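Common to both upcoming complexes is subunit A, partnered first by subunit B, then by subunit C.
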Partner chain A sequence: MTARLAYLGPRRATALAALASLAITAALSFGGALAQERELDPRVFEIGRELRCPTCVAESVGESNAAIAREMRTLIQEQLDQGASRPEVLAFFQERYGDWILLNPPMRGVNLLVWTLPWVVVLLSVLFVTRLLRRWRAAADAPVRVDPEDLDRVRSELQEPLGERTSH
Partner chain B sequence: MRRLRRLLPVVVIVAGLTSLFLFGLLRGSPDRDIPSNFLGRAVPDFELPVYERYAAEFGPTFSLAEARGRPMVINFWASWCGPCYEEAPHLQRAWERHGDEVLFVGIQTQDRDARAAGRSFIDRFDLTFPNLFDGDSRVSIAYGLFGVPETFFVHADGTLQHKYAGPVTTSILDEQIGALQR
Partner chain C sequence: MLSLGTLGSGAVMLALALAVYAVVAGTLGAVRRDARLQTSARLTALAVFIAATTAVLVMQAALLTDDFSVKYVAEHSRIESPTWVKVVTLWAALEGSVLLWAWLLTAYTAVLAVTAPNTVMRPWALVVMQVVQVFFLSVVALAANPFIVLANPPLDGPGANPLLQNHWMMAVHPVLMYLGFVGLTVPFAFAMAALITRRPGTEWMRLTRRWTLLGWGFLSAAIVSGGWWSYEVLGWGGYWAWDPVENVSILPWFTATAFLHSIQVQERRRMLKAWNLLLIVLTFSLTLLGTFLIRSGVVSSVHAFGDGPVGPFFLTFFVIVSLVSISLVVWRWDQVRDRADLDAVVSREGAFLGVNVLFLAMAFAVLLGTVFPLFVEATTGARVTVGAPFFDAITLPIWMLVLLLMGVGPLLPWRRAETQTLRANLIVMTVAFLIALALAFAFGMRNTYPLLTVGLAGWNLASVGLLLAGAIVPRARITGRSIGQVFTRYAFEQKRRVGSMVVHLGVIVIALGIAGSGGYRVDQQIRLPYGERVPFQGYELQALRPFSEQVAGRASVGVEVAVFQDGREVGVLTPRINRFGTSQMTVPTPSVRYTAGHDLYLALAGAVDPQQDFVIIRAVQSPLITWIWIGGAIIVLGTAYALSPGERPLRRRVGAESTAGAEA
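This part shows the complex of A and B:
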């Protein structure tokens, strides 16, 4: 092995050794993290996905690897062990952080807008498209009004042999 | 004119969405404006270990329930938090001025296994009010903290008067302590 490493040259051998140690460190830390999470009930992650991580940006407690999110997962596990139900766990966090902590905000007050506004937009869009389609259809069904003089002109021009017409 | 009337709803919708987008961009940090859920209610009790330099005066642990009866300023900080370094001198100065009437308590939180860093933070600013260690961040969760620093101004009966998110300044401290004493 030493001979082979020597064959690779000192630079390559150092790079290879650094790569190997990096891989071992990564494997050990990943394994450690997995071992820690494996102890938790899958329900912890289900509930965690309904809670906003307080110190993160757009991440749930179930997904975040932030220290506070890990601590909150442990707390959820402890509560489940004590027989708490999902709504009870969510209520525990809601009491401390307010509605802000819930990724599915309750349907009351200003939060009602979050739930109703998308449906209102969808309904308005459907009404708009339906009205537009009706208008197009009505326009297509309506007889086309043509000036008789224009019609005669076009007919006569169509009867003329090709090449006889001069350009304007 | 007709075309203008047709375009009006589109213009209104685009203007509305643009305003919403700009509002989202320019409103700063929304979490700072969220009031604590404990406003006007009693803040949760806790018992935490006290840093060694305060042990002679406050004992090895500090219990909030036992300290009730006096207005309190509870400040959450962490050794990795830049704004906490900014506000620490203001807190020490306010404690020196108001310490006879108001109890100041510092809580190092969201800073697992960082007791040594906590000690050097305390020594650096020579903080003389009691500082505690919330190793597992449970008190941080109990108080519904969004981050650090956050400061809670608590009445003598234990109800929360105000929560300030971000680094406190002398003027903020004076104003809130004044309100606690009124």
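This part shows the complex of A and C:
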């Protein structure tokens, strides 16, 4: 089984695999268009959702109906049958395709950026908002300065009977 | 003879020419304060709408009469397709969808030209709308003309993309999406007008409040219906995969949601002027950036139905819009900067600020994750993948905080919360949180996020209860009426407030649906020998017989599967494989048994071969997933309720009132 994927070779396999899956799809007639499958455990799909389907645009192995995804699901099942654990299965594919195959980008190298930047931005915006809030709090605490002229006007207007002015 | 293609191109050209005229006349009219030019620009908006409508009708005529001399029809339609498929083929591919987008924009602009109150802002807002119109119409005319006439028309076409033909939801989802995008253009246009006319107060947002809510409602409905479409069509039992197209559709929703909340701070407290302007600019430009990302092919996606040459157009317009609008904000900085004051952080405005930070952070993380592979490949050449597990890991904690704030925020008064009331409310909510948590735990839930979600659902339910009690009980006590009467009265008088409570309830319902289906979904591929009952998650499945079916434009093969629960037959599911027209693409179409507790979802995983005495199916059990669609419907209802016309303000003329009184 391992050989089936290994002949494609790691990483550069995608173009070849795309061709292969096209050929497979084309060779089968309607109704038989879905290659015969075997039974698969729920765990296969759980692990499959962590892996990128190499020939698809943006689907996981757990979701895709592409030939390669089906093949990889079978492969996962075989490995689980042989007693492999989830990390071992993921490592198996990572070894062959590189980190690229993992939908969850491993936290190292350039990927550190994508993991940390959102939190950096959250932190910065919280800091910014806190500073803003402090300034606004200070503005609220500052004694209200009132122009004596304005105050007189308000007082005189308050003396007027109600209803003569429209209030807002 | 005048062909439909020429007619359509002519209508688009006419619409474009008129729209350009409207921009020029409108600008001159606004600058010179020339009422005649302004009126001329307004009336032209109607003419543009009529011309664009003609273009859409011509396209419909070409689709319905199978006129394959029109390129778009030749490439995307097929004689034997049912009528509804032909009608929706208008938005089944790129050129048609841009035409639809442009047409909806002309419709909104025309409505705005007629209904917008006559203020200093109106001419400028219309100019902005019309500039956007000119952009979309030129994309239709120059880069994605669906009306190109073919010299040698084919006898028949391939038909629309099978994935799109496979579900009636396709008639609804894209239209909702464009209605949302276009709806959010209106507040953007008024924001720009407010800056140009030096009125960055609350007037522009009051004028566009309904438009904003309408756009937001459509966008929310579009996102949920898109999820349902994926669920019913893609055959893997999920609804959201953090695919680039899904991501770029939710980005403007994040910023629009932030906007919807933060404009209330400005309306009430005159704060956050610049911030609100930036939010609406961001929302509008994200719709453009998103369209660029998925239509130019720089980001690949399952949903990218047809790449085309429109990418550079959208990118250019995105850059122009961002630069111009940000320059405008900077130019008017003196007027838009906040001279605000804040009494306490623990207040309604504090909560709104918090929710702003959360939604913006989420938007940033999702945008980053979407473009990161592109960015890394462009700079280092390395290929990296950022997939669903990343997006879940980043957004789930933020969502939990959103749910937390959603419970607290509406209970906090403006300016400053009274510590005692706040403490009493928080105690009630915490108790509700703990009870919900304990219940979920007792039912066997152990995963962190689903548990937290259930707890927070309790927290929010308590919050809504407290809100209603706080509004109704005192009124009932004072007026001496029954709770029911007071509630009806309150619901009628406070449509926005009650509408927002309903929307928040919808969010909670969706959150529960996501928690259940995301955390406790079981996928299995099983072999069903015909006639034998095979257990799956408390059910027994029995493949009865294979079937095949031939209807207009579609051929299907499938299997009838009887579903038993506790030995009793509860239904028959018919997972099948569809094929449309001459397309070689086969679409495995699932069959779903919807129940309140969980869905049973069956899709064919292997061939249906008459020679073979078994069939392989993929069976998925998703707890609570139906509540996502129900929650979506609740959100739409809540939004519609908030939008429904309330009581007219008391401004009746004396004469009218006295006649009304006499009649009564």
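Please note the rule applied: the second predicted complex is superposed on the first by the 119 of 168 C-alpha atoms of A that agree within 3 Å, B and C clash if a C-alpha of one lies under 4 Å from a C-alpha of the other, contacts with A are read in each partner's own complex, and residues count from 1 in each chain.
Note that a residue touches a chain if its C-beta (ideal position, glycine included) is under 8 Å from a C-beta of that chain, and two chains touch if they have at least 3 such contacts.
As the structure is a prediction and not an experimental result, all values here were calculated from the model.
Novice: One more residue to check, A:54. First (subunit B), second (subunit C), both or neither?
Specialist: First partner only.
Novice: Thinking of the overlay built on chain A, is A:100 touched by subunit B (first), by subunit C (second), by both, or by neither?
Specialist: both
Novice: Hey, is it subunit B or subunit C that touches more of subunit A?
Specialist: If we count touched residues of subunit A for both partners, the winner is C.
Novice: Have a look at where A:126 lands relative to subunit B and subunit C in the superposition and call it first, second, both or neither.
Specialist: It touches subunit C, and subunit B stays clear.
Novice: So in the superposed three-chain picture, is A:151 touching just subunit B, just subunit C, both, or none of them (first/second/both/neither)?
Specialist: It touches nothing on subunit B or subunit C.
Novice: Is A:72 touching anything from subunit B or subunit C once the two structures are fitted on A? First, second, both or neither.
Specialist: first
Novice: Pick one for A:114: touches subunit B only (first), subunit C only (second), both, or neither.
Specialist: In the superposed model, A:114 contacts subunit C only, not subunit B.
Novice: Going by the contact definition given at the top, which residues of subunit A touch subunit B in one complex and subunit C in the other?
Specialist: Common to the two interfaces on subunit A: residues 98, 100-101.
Novice: Subunit A touches which residues of subunit B in the complex?
Specialist: 31, 34, 37-38, 44, 110, 112, 136-138, 140-147
Novice: Help me check something: in the complex, which residues belonging to subunit C touch subunit A?
Specialist: Interface residues on subunit C, with respect to subunit A: 234-236, 238, 241, 243-244, 271, 300-302, 304, 338-345, 350, 353, 357, 360-361, 364-365, 368-369, 372, 376, 380, 382-390, 393-394, 522-527, 548, 555, 557, 577, 579, 584, 586, 588, 604-609, 616.
Novice: How about subunit A: which of its residues touch subunit C in the complex?
Specialist: 25-26, 28, 30-42, 44-46, 49-50, 52, 56-60, 62-65, 73, 98-105, 110-111, 113-115, 117-118, 121-122, 125-126, 129, 133, 136-137, 139-140, 142
Novice: Going by the contact rule set out above, which residues of subunit A touch subunit B in the complex?
Specialist: Contact set of subunit A toward subunit B: 54-55, 67-68, 71-72, 75, 93, 95-98, 100-101.
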